[in-house]
Amino acid sequence: MGVLEPVVDVQPLLEIKNISKGFAGVQALNKVSFSIAPGEIHALLGENGAGKSTFIKVLTGVYTRDSGKILFDGQDFHATSSGHAQTQGVSTVYQEVNLIPTMTVTENLTLLQQPKRFGLISPKRAKQRALEMLERVGLNIDPSKQLDSYSIAVQQLVAIARAIGTKAKLLILDEPTASLDAKEVLRLFELMRQLKSQGISIIFVTHFLDQVYEITDRITVLRNGSFIGTYATKKLPQAELIHAMVGKSLDELTSGSNRETSDSADDVLRIQNFGKQRFLKPVDLSIAKGEIVGLAGMLGSGRSELCEIIFGAQAVDQGSMEIAQNAVHIKSPKQAIDHGLGYCPEDRKIDGIIAELSVRENMILALQAKRGWLKPIPMTEQKAMVESMIERLSIKTPNLNKPIGELSGGNQQKVILARWLLTQPTLLLLDEPTRGIDIGAHHDIIAIMKELCEQGMSLLVASSELEELVIFAHRVVVMKDRKKVMELTGSDISQKSIVNAIAQ
Amino acid sequence: AELTIGFAQTGSESGWRTAFTNATKAEAEARGYNFKFSDGQGKQENQIKAIRSFIAQGVDGIVLAPLVTTGWDKVLKEAQRAKIPVVLVDRGLDSDPSLYVTSVGSDFTQEGAMIAAWLAVETEGTCDIVELQGAVGADAAIKRQTGFANVIENFSGMKIIASQTGSWSATGGKEVMESFLKSIGGENICAVWAHNDNMAIGAAQAIKEAGLKPSEDILIGSVDAIAEIFKTMADGETNVTLELSPYQGAAAFDALEAHLAGKDVPKRITVPGGLFYPETAAEEWAKRK
Amino acid sequence: MLNERTLPLISAIIVLLLLYGFGSIAYQGFFGLRLAGYLLTDNAFIIVTAVGMAFVILSGGIDLSVGSMIAFVCALMALLVVKFQIHPVVAIAISVCVGTLFGTVMGLVIAIFKIQPFIVTLAGMFLFRGLGYVINTQQVKIDHPFMSSLSEFGIIIGQGELNFVAIIMILFLALGVIISRYTRFGHNVYAIGGDAQSAALIGVNVPWTTVKVYALSGFYSSVAGVLFAVATGSAYPEIGIAVELDAIAAVVLGGTLLTGGVGYVFGAFIGGMTFGVIQQLINFDGTLNAASTRIVIGALLLLFILLQKIILVWAKKFSAKGSD
Amino acid sequence: MKERKKFLDINPKIWGPIFSLVVIIVIMGIIDPGFIQIEFKDGRLYGSLIDILVRATPTAIIALGMAVVIGTKGIDLSVGSVVAICGAVAAVLIVETQLPFFMVVIVSVLVGGGIGFLNGIMVSFIGIQPIIATLILMVSGRGIAQLVTGGRAVSFDSTAMDIIGSGALLAIPVRLWIMTALVLCTVLLLRKTALGLFLESVGANAKASRLLGIEARMLKVIAYIFSGMCAAVAGMILIADVSTAEINRLGLWLELDAILAVVLAGASLNGGRIYLGLTIIGALIIQTLTTIIFSSGVPVEYNLIVKACIILAVLLIQSETTKNYVSQLRTKSLENRHAE
């Protein structure tokens, strides 16, 4: 591959030798070997379904490996469970937020390590400890509230706070930045550097290559479960990295191409003074046919809320809505869908996938629901549709009948996108649609979005990735404190202008 | 003044029990009592709660139809302390007789024995019997079984060749009888002894469906004298039933009133029951339906 | 205290007070220490069972075996005390140990074989009831001076009495509350009930916690069995039929979600008392026949739940206004 | 090659329950050959196996409805009481009115559906947890049945009922026809329309389903209505069996057997999958156990112990852990063979 692995002269903290793991129908890991030095930040990269998360779960004992050997600190390492791995000094933030939604933030943060007094847990000290932990990740929230009252991004930060809080020699972060915005990412990197200086090693999984170059020392690439190589970050040009991951070269993402605002006058959606008490301050917004409107803002700025009330997932208590120039009152998602809307929610684990059902069922469900229960889509038609979507979005699944819960995170996201594409809505609301999606697919999805709007579909896209917004949006609406603060159009759209608007 | 009387009934597990409740209520009404009724839904703890609520309300007397014979000492002592007399109906107790005024009622062991005696006469002491028990562990089931067994012990030719629970129900009785007919063979069964009428009705059905004639090829005897059994008997499908009197209320109230008036009351008052045969069945059915 | 998590419990308490208040106004003798004492005593064994059940439900499971466990423990007590002439203290210790052991075994089956708790404990329900029958199908008086002195023991307060059974119930309730709120095990129970998969990833030993939960439930239901034996001084095979449903209902009425992870152990007490008050309301009324008794119990349950829901909705609205 | 693959695509879960049932029957057949004999007598089939089928019908039909409810992440404890109410209604209608028989059937099935509707409303619109919502009707339902008949058993003479109870068509008992028809209709309704898929999706993730445009609440109500109707049919069959509606005992504890059947079929009480055919197998397993216990002469005290042990054995055999262990053993022995 051109770039040789630099010789590490210290004893590696972690040595992985020929690890394999297969699931029914997939060889998720095939003889993977690499090593991690003490105090190093090591990127683990690969396309969706390459086996990154599986590797992490094998390492931490969530899955039992089929074969191979792991040495940790020179000792044979055989974790039997995540808890066991933790006691050995390996602390992990898994890909989907894995905390307890029904417990408070404090309880989540201190679980298994609650401060005690007279042999009993002291809630006061626990809260104190929790506040300290939150402080470290720069999160200023009330820890005595239930975890699921916070957005997925906040939950992600809590998970990180928890992992950092335990004394570990190796910290594993599986796509921690997927739902964070720039500010939080910076904060996280600061923390990672701090840990690194304390001699703690970090395995970092992400699909953002900029972040890889910013923070990591070395990169290990997996492709289709196989080990491709370990490289020193500095010595590996981005193009070569992409080549290693994807197996082929990829054009640079075209940037700033969408400036020719569609001048179609007919709005597919117009909302006026649309809002809900305690949820979202009244918003005015209109979206034209074939237009992509981006939603930018910080954590908790109300982007998701806006999508939810437009789609009828939350009842509004003020304002009016017009779809295709007709006043409508949408009271449920079903009605929204009947009016030609589609909505891809932010929290895929809870609002998106139906884990027990198969990839095929998950993908056709929205279309089937639209058609009604009496008109089942014939199996052959279903298969044709699903197969073409799998092809188009390059979804990695051994077969159509695999339960979606067993797909890799990014592939789940693609299935959900495909679900809505199949219904051919006139307006599609996408909340963080590219969360956890690899660069290849990211590219494809942006291409698809553009293609769709050329065909006349309109899109409202909430995204924390300003870069991507700048690329595809005709218009960017900036939200702050549950309020619309600015609207940028045409050449005004740039990362800088958005950041300024948010900072105001 | 008007007497306030509390009645802690076991529940409403059978048609007989409902008849018993209704008869007692009617009697109380006729006497102009302020009558407090509590249905224990087949649980002793509920009956205990009921008695305690009667104590808290300060009733003049309590009538208790105990679900089981043990476990009442504490609550009866509480009633005694509160100076509220208690009369038992339907069955006696396994506790200190000073805790209650009197026990009115029937005797499950006796019932089993009476059916056994009838069967011994009918078959001249030789009979292979299958038994359909009530719910496993139920007091009535255990005592009827014992009473029956005590009698047939005396006849070397009589024995129980199979015994299984039909859970007091017709469907249960039918299902169990079906499997007896399969595993033992109808020709090897001389009689069915069912702990209640419902199971007898079910058993008769099963025998019919197996192509035999109930009450002729296989004799059927049971206890309870619910209305429906008379119809079945009139159709010639069972041979005998035993009536437990559901009219124990009057005797119990008499005893209470006598006690309140300071008179002596015997510790045990039996109410008569009797065997009913097919001859009078049609008449009884007309009377009771 | 008044937040989203405590609201269901608080509304349960409010509705319980409403019911009690209604009874006190409508019926003479309802209000007062005497009935209060009776309520605590009569519902003690249900509440103790429900406390154990609360842990199971909070962990996302269910335990249908508790009713049979009570019957089994009573039968065992009778066997030990009456037949083998063992001192009741020892008999109690043995019975509780055996009950806890049985609970542990069910927990092991659930944890190791990953079979749904509903079914494992249903098998347990059949099995323990069957074992109870095998020990003894008769009604047995557990006659022993020590047992009687236990059941006679009580603290007289005015007209009422806080007796042994009620005291034990309160102690075990307090113990349950402490375990659930102030021990790691307690928090782990909430965690696996909230999301077992995530809990495992965080590092909670899910199988082991599961085993402990069922052991605890076995322990609590055998204590309930002992209380029953003490309170009545008798054992018979049909004790505790359908108690599992009462216990589950008590837990849920106390504001705990059956899906696990949400609720308070103390709710078991509120739920159990609610049942007791509903029954006493019916007893005090004294005019309902068997059929209407059942219907009224159902209707009152429904009313209770609806009131609870209304209070919840109302409180949410109120707090919404307040914080805006 | 492709066809073969398709065949193997069938959910491997289905073999567990079938295997268990076959094993139980084979063992019984070895112990007592009479157990598996089937004779043709008086124009109908006769034998223990037929008995099992016949006896299992009420449980199986109730379990069918239960499977759908459990598929939506619910549970219906009220079925036993619904059986009692509908049995009582049917019996009273037959005895007290001149209604034609099909009207009696329609009325009681409607009553069952109505009760299911109430359950459904409580669960999905008021948001009461299913176990409690249906517990309310489980408790009060039997009271309602007692009100309907005035607390006593009602016996009746009805040819139509006799046919349902013990008649045979083409040598096969009528109630088996009823059950088969019901199962087929349900399968068609659920699998040839998208209803089954919707129900499963609601059970697996109600929130996500709502966001997909599926009327999750309505679907839950429908599931409970269906369960109520199934219970009504079972109630009719149960009273036809003995020509009496004894409401105090009718359908008592049937809900547990029905739930057990659904779980033996491999369904999860957390919803998400509906196995109709296997549920019937589950009901057959339970009934086989009962019949074996009744005909084996075990003393009654041991009934429950035997039942519990066999159920546990079946569950353990079917469990994932056991399967994994067995497959591990198999690969090990394969490896050993290769090594040799």
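When the chains are written out, they are named A, B, C and D in that same order, and each has its own residue count from 1.
Operating definition for what follows: a residue touches a chain if its C-beta (ideal position, glycine included) is under 8 Å from a C-beta of that chain, and two chains touch if they have at least 3 such contacts.
The structure displayed is predicted, hence computed values, not measured ones.
Contacts with chain C and chain D are shared by A, B.
One inter-chain figure worth recording: chain A and chain C are separated by 44 Å, centre to centre, where each centre is the mean of the chain's CA atoms.
Distance between chain centres (mean CA atoms), chain A to chain B: 70 Å.
Rounded to whole angstrom, the centroid-to-centroid distance between chain B and chain C, based on C-alpha atoms, equals 33 Å. Chain contacts: chain A has no residue touching two or more partner chains.
In chain C, 133, 137, 289-291, 293-294 are the positions where the chain touches two or more neighbouring chains simultaneously.
Counting partner chains per residue, chain B has residues 12, 18, 136 touching two or more of them. Taken together, the chains touch in the following pairs: A-C, A-D, B-C, B-D, C-D. Those residues of chain A that touch chain D in the shared complex are 311, 313, 332-334, 336-338, 343, 345, 350-357, 361, 365-366, 368-377, 401, 419. Across the interface of their complex, chain C is touched by residues 77, 122, 126-132, 135-144, 146-147, 151, 256, 259-260, 263, 268-269, 300-309, 311-312, 315-316, 319-322 of chain D. Across the complex, chain A is touched by residues 9, 192-195, 197-198, 200-201, 204-205, 207-215, 272-273 of chain D.
By the touch rule above, chain C contacts chain B in their complex via residues 27-30, 32, 34-35, 38, 42, 45-46, 132-133, 137-141, 148, 151-152, 228, 231-239, 241-242, 276, 279-280, 282-284, 286-291, 293-294. Looking at the complex, you find that chain D touches chain B at residues 34, 41-42, 47-48, 51, 55, 146, 151-153, 155, 166, 238, 241-244, 246, 248-250, 252, 290-291, 294-297, 299-301, 303-304.
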